[in-house]
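First chain written, first letter: the chains are A, B, C and D, and each begins at residue 1.
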């Protein structure tokens, strides 16, 4: 069994993840106190604080332990504590159901991990990372492939890779918002850590198809995630689906890195991996911010249904501003951080295409195009999320009565919002740090490589004038924008703008009922992707007489394809077989005695076989 | 001479409980004495692990580390059950479910049952072992049928008949063992120590057949599928503290008997034969029980099927062999005994509030019973193998053993079934624990003794779970000691 | 001499198979136990051992006298239906019994290590008794039949023990006797309760607990 | 200096391009049409007028025009026009340009939602729909181009190069995307006066006065930038390098001429096809996507 010593690992990869965990968890923790106040009893708030502390601690353990067994322990504790946090609001049936789906899916994932770890252990005879790493060199290819697939499924479940994502849109919205932000921002990232640590660092990329498979999964995840997010009207669930998308983007970077490692293109491998890591930290920051923002909305308005919101920008301007920052960075708009990492990931594809031959180029191109599609859809999604929630007129009393949240809740958000900008502007500096992480994780010597020209300019491709400088862009944008404003003021100084009603085609009173809803906003997409979403509608007319319809209800739904065609049939099968199994115990003692007798006979008959 | 105390105390207590008027005092004395028993068992375990095996009373009693381990396991659970009984019986008496006289009978039977279970691992003579195990059946049958309802009497009847048939087969197996021994021409004896010494020269063919009888026979008692059919009935109908004892200790005593014979088989026939049989029955138990757990509607039956599942896991552990499988299985015996008792107690609390066994009738346990609810929740995760609880360690050891053995099929099946059972548990207990109280259910106060019992049970699984992660070496050392015999 | 006794055992066992009513079943069991007693006595006489005499005496007292009487009285007390409730009729049962006889013989031949082919006869009879005991438990509906089946199987084991391994150690033998006696009493107690609660002792109808 | 020059060039010429297209279209339809300088008059008029702002609007609505114009201007600075290099040489490449334009669109769409008008919401929704579906085709075209040039740098693209099949196909994909992005028939119709058929116009329906002027201007700018990119790809032949004043002048003329050629093509196309239903736009962009794939395949084959 070998000895187990409890040592912690602090290589660049660990440090990087430690940073990510802390950078999101701390604001979320500060936020939690005023968020929970008034919602629960003080005992429950204390419990929440304790659980939060254990949760954060377990995540820290996950990324620092140097031993598979401890990793497993930390991993399970992390899942367990987060489950408790998901079902924290125990009175809601939905929380309990969400928690159940979450923990069961996680457990299934863990089962795959256990299998993978055990196969590794079988070859290494030790649980230590380094010992396994050494032993893995002698591992036969077939075993490596199996281990990789097991790890992929295991970590993919946690990461929410399609089609293993189904727990994510249930669990993340049900948890208290600061927990959602940690879960979405950090916890699912531990799966990325797992993939990098176990596949790239320990196992070593063995076959070319590993990266390709991860890439394809990632692309599908991001598309599916964002399409579902676009259809969603529950703001936290929308964010959760968007996490599926962003995990896809992160895994594109990682998958690309694996792909290039196998193709023996060290520079590109490090670059892509760093791009993935960059998106990882970015996503942690802006998704943390967005979830906190959604929490503010929920706290202020008491509902998460964006169809009931609207006009919040006037009631809670600061939250709106902060949410907008988050929405802009997640939509990859310059000069925020999401833009940088998406640009880097795209560059990974583009650069990679120059270094591979034949159909692989097309493969990378299509991946890049689909990533772009994802980006476009994400922008649409967050326009919808922000626009419908914060802009125009309030659609319900909930939204009308909303008030700005307390300062203690806004400060953490300001911190994160500032970080989105910092991570956008200091891109070249951060990339330089990240390539070190990527280099050490993939075991590639990066000393001879250069990834940026100076402190402001990124240049992924030496010898070609491909540059990106977010500070420059930000500066130019700001200068030109203010120039426009100055010109405007020069002309406008004479007369002020008149305030009047919105154009209503002559209709006399325009109310919030005339506004475009979230469902309407996403309708073109629903139709364009109807082959996948399988939308259906329910209409209900209440008639006074044949001629006069008193009220008309119209609902539209989309079919959850994965649930309906994968999970439900499997579950049904399991339950059906379990139910039919019940028939072997009908309560007859004679039958039971016969079982014993038959078992005895069979065992004696087949005795020579044992 | 701790063993004298361990065996003597229950007998004296049985008489005491019968004659004492104040049943509450009897309960408290009971609990205190079992604490003493627990301490003695601990001493015994320490002594047996550290020093040599001991045979005493004309070879009648034989104690090695393995027996001490089983006695210790039993003592932990019996102590908790004794504690829990105080409040439980008190409540039943108060509510008029049972009379004061029957409470006395209960305590007497409880003590006799405990005596018989402590006796099993202490015996050297295989025939007496058989008698002791049959004795456990006979005594506990009363406790199963204690409430004298249609269901409980039905359960008791099935229990006693099915187990008796099983035990008859076990006796047949024992006789065949003694025949094998007799044929070998050594002196006539049924002592395990004598047979085990010459195991390698015994007739393989007879040993093989004999072991099948033993396995089916004691396997019936241990709850190995497909001979498990009595188990859910008996466990669900028994008085709740007794359900814990049945599940936690009784099944393990039968396993102990199998193990004792198994050692002879391993020596005489080879490990493979023993291993394959154990694996086969273990896998069948695992698969069948996980299905039943999934669609179960009765809370106590659910726990009973989970016991079958765990016995299956233990059996797989033994089947996978030394050292990891054995360590894992032994550890699992202890862990499961303690954890399952915890679950049975909390379930009993819930049932006494809702007055129903039906899972669908139980909602919002967290609100009705805050303390027991939390314990139940922890118990669910402990039972399904989450760290930091100790079942995680034992399960992972068994899984490792499976992988190292190359039994990928078994390992995969184990993982799948554990997943299914986990899902089922979360599904059922999630519904029960959370949510709102149904109408007409008044949260009743929780018994102090019950709380103590929970803590007594929670402590070892938590402590072991945490300590064992760091102390594998010591574990291996202890395990080697356990298998010196 | 032994052969005659064995013959008696076999006959009484077959009688059990074809018994349709409780009383005849108990009577058959009594014959069986009596034959067993004789056999034990002969062994004791041959081996001139005191403890074997004691065992034989116990056998006679408990299995020939006490248990059947207890069961008779019991039957009278609960006034249960005499019918045993046959899952398969006597003819078919008899066929089964014949099959079991052969099976027991084959099994005993394989098991018994001896140059002398007929050495397996007694063990075969013992196995046969065990098989029939279990057979009765499975294919007869009433609780009483199950008790008798169990006792028959136990008788078989007794025979087996005293022939193949020269009997169990003395105190084990005593303990087993005691055990059997107690278990019959306890089972009787439960039958009594079943009869009281369900007003019949047809255990096949006890199927509230399922799944 | 070059920055100001390039800004002046884009601001100065882009309204003319729009006027020219409009003029050609009208002429092709056998109408006289407005003057090619009409856009300038429009801008001047709008700048001199006061505005009406919706009472429902928030600061997003008021801020948007400045963000939009700044993004359009920044984008125009990323394009290498004057000295075979762009003024912001280090700031970004082809991809960055696309992202910068997306910034403007993002705010424009929000502004459309801001006024609580159903038209605005409708326009926003459709705008996002079309632009996000245009993304894959756009990126594939860029991908094919970058395969040809070895990088996504706009400087490289605008250098002298030989034309190849992949470039032409890529440019046509880019062209289709441009039609969609610049609200041209068959995807959108700039000239419509029916709110229900508008996309871009519906979004900016609430704007008036100076803010509308800024938005209009940025639309002109965006159009010119995209035309320039297409032109740079399919008309790579520059007469000579910018050495002296005269040569520069000729060069500038060629630069403008090739943009106008694209404008001509657009106007011919606009009068000859009908506007599609909104959901057909998905097919249209799908076609562009297929063209993009063809372009990549051509690039792989080296033709």
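Everything that follows uses one rule, which is that a contact is a pair of C-beta atoms (placed from the backbone, for glycine too) under 8 Å apart; a residue touches a chain by one contact, two chains touch by 3 or more.
All values reported here derive from a predicted model rather than from experimental measurement.
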Two chains sharing the most C-beta contacts: A-D
Innermost chain, where centres are averages of C-alpha coordinates: A
Mean-CA-position distance for chain D and chain C (Å): 100
Geometric centre distance via CA averages, chain D-chain B, whole Å: 77
Length of the line joining the C-alpha centres of chain A and chain B, rounded to whole Å: 44
Chain A and chain D, separation of their C-alpha mean positions in angstrom: 34
Residue numbers of chain A (touch at least two other chains): 582, 585, 589, 593, 604
Interface hub residues of chain B, defined as touching at least two other chains: 157-158, 161, 165, 209, 232, 292, 295
Touch-based graph of the chains, sorted into line, ring, star, complete or other: other
Sites on chain B touched by chain A in the complex: 157-158, 161-162, 165-166, 169, 208-209, 212-213, 215-216, 220, 226-227, 229-230, 232, 272-273, 276-277, 280, 288, 290-292, 294-295, 324, 366, 381, 384, 386-388, 392, 396, 399-400, 402-404, 411-412, 415-416, 418-420, 422-423, 426-427, 430-431, 433-436, 469-470, 472-473, 476
Footprint of chain A on chain D - complex, ascending: 47-48, 50-56, 58-60, 65-67, 69-71, 73-74, 77, 88-93, 95-96, 99-100, 102-103, 105-106, 109-110, 113-122, 124-126, 128-129, 131-140, 143-144, 146-147, 150-153, 155-156, 195, 205-206, 209-211, 214, 278-279, 282, 289, 292-293, 296-297, 299-300
Of all residues in chain B, those that touch chain C in their complex: 125, 127-128, 130-131, 134-135, 138, 141-142, 145, 148-151, 153-158, 160-161, 164-165, 168, 171-172, 175-176, 178-179, 181-183, 188-190, 203, 205-206, 209, 232-233, 236-237, 292, 295-297, 301
In the complex with chain D, residue positions of chain A that touch it: 311, 313-314, 317, 320, 324, 328, 331-334, 339, 342-343, 346-347, 349-350, 353-354, 358-359, 361-362, 365-366, 368-373, 375-377, 379-380, 383-384, 386-388, 390-393, 453, 456-457, 461, 464-469, 472-473, 476-478, 480-485, 488, 491-492, 495-505, 510, 512, 514-516, 520-525, 527-528
Sites on chain C touched by chain A in the complex: 87, 107, 134, 137-139, 141, 146, 203-204, 206-211
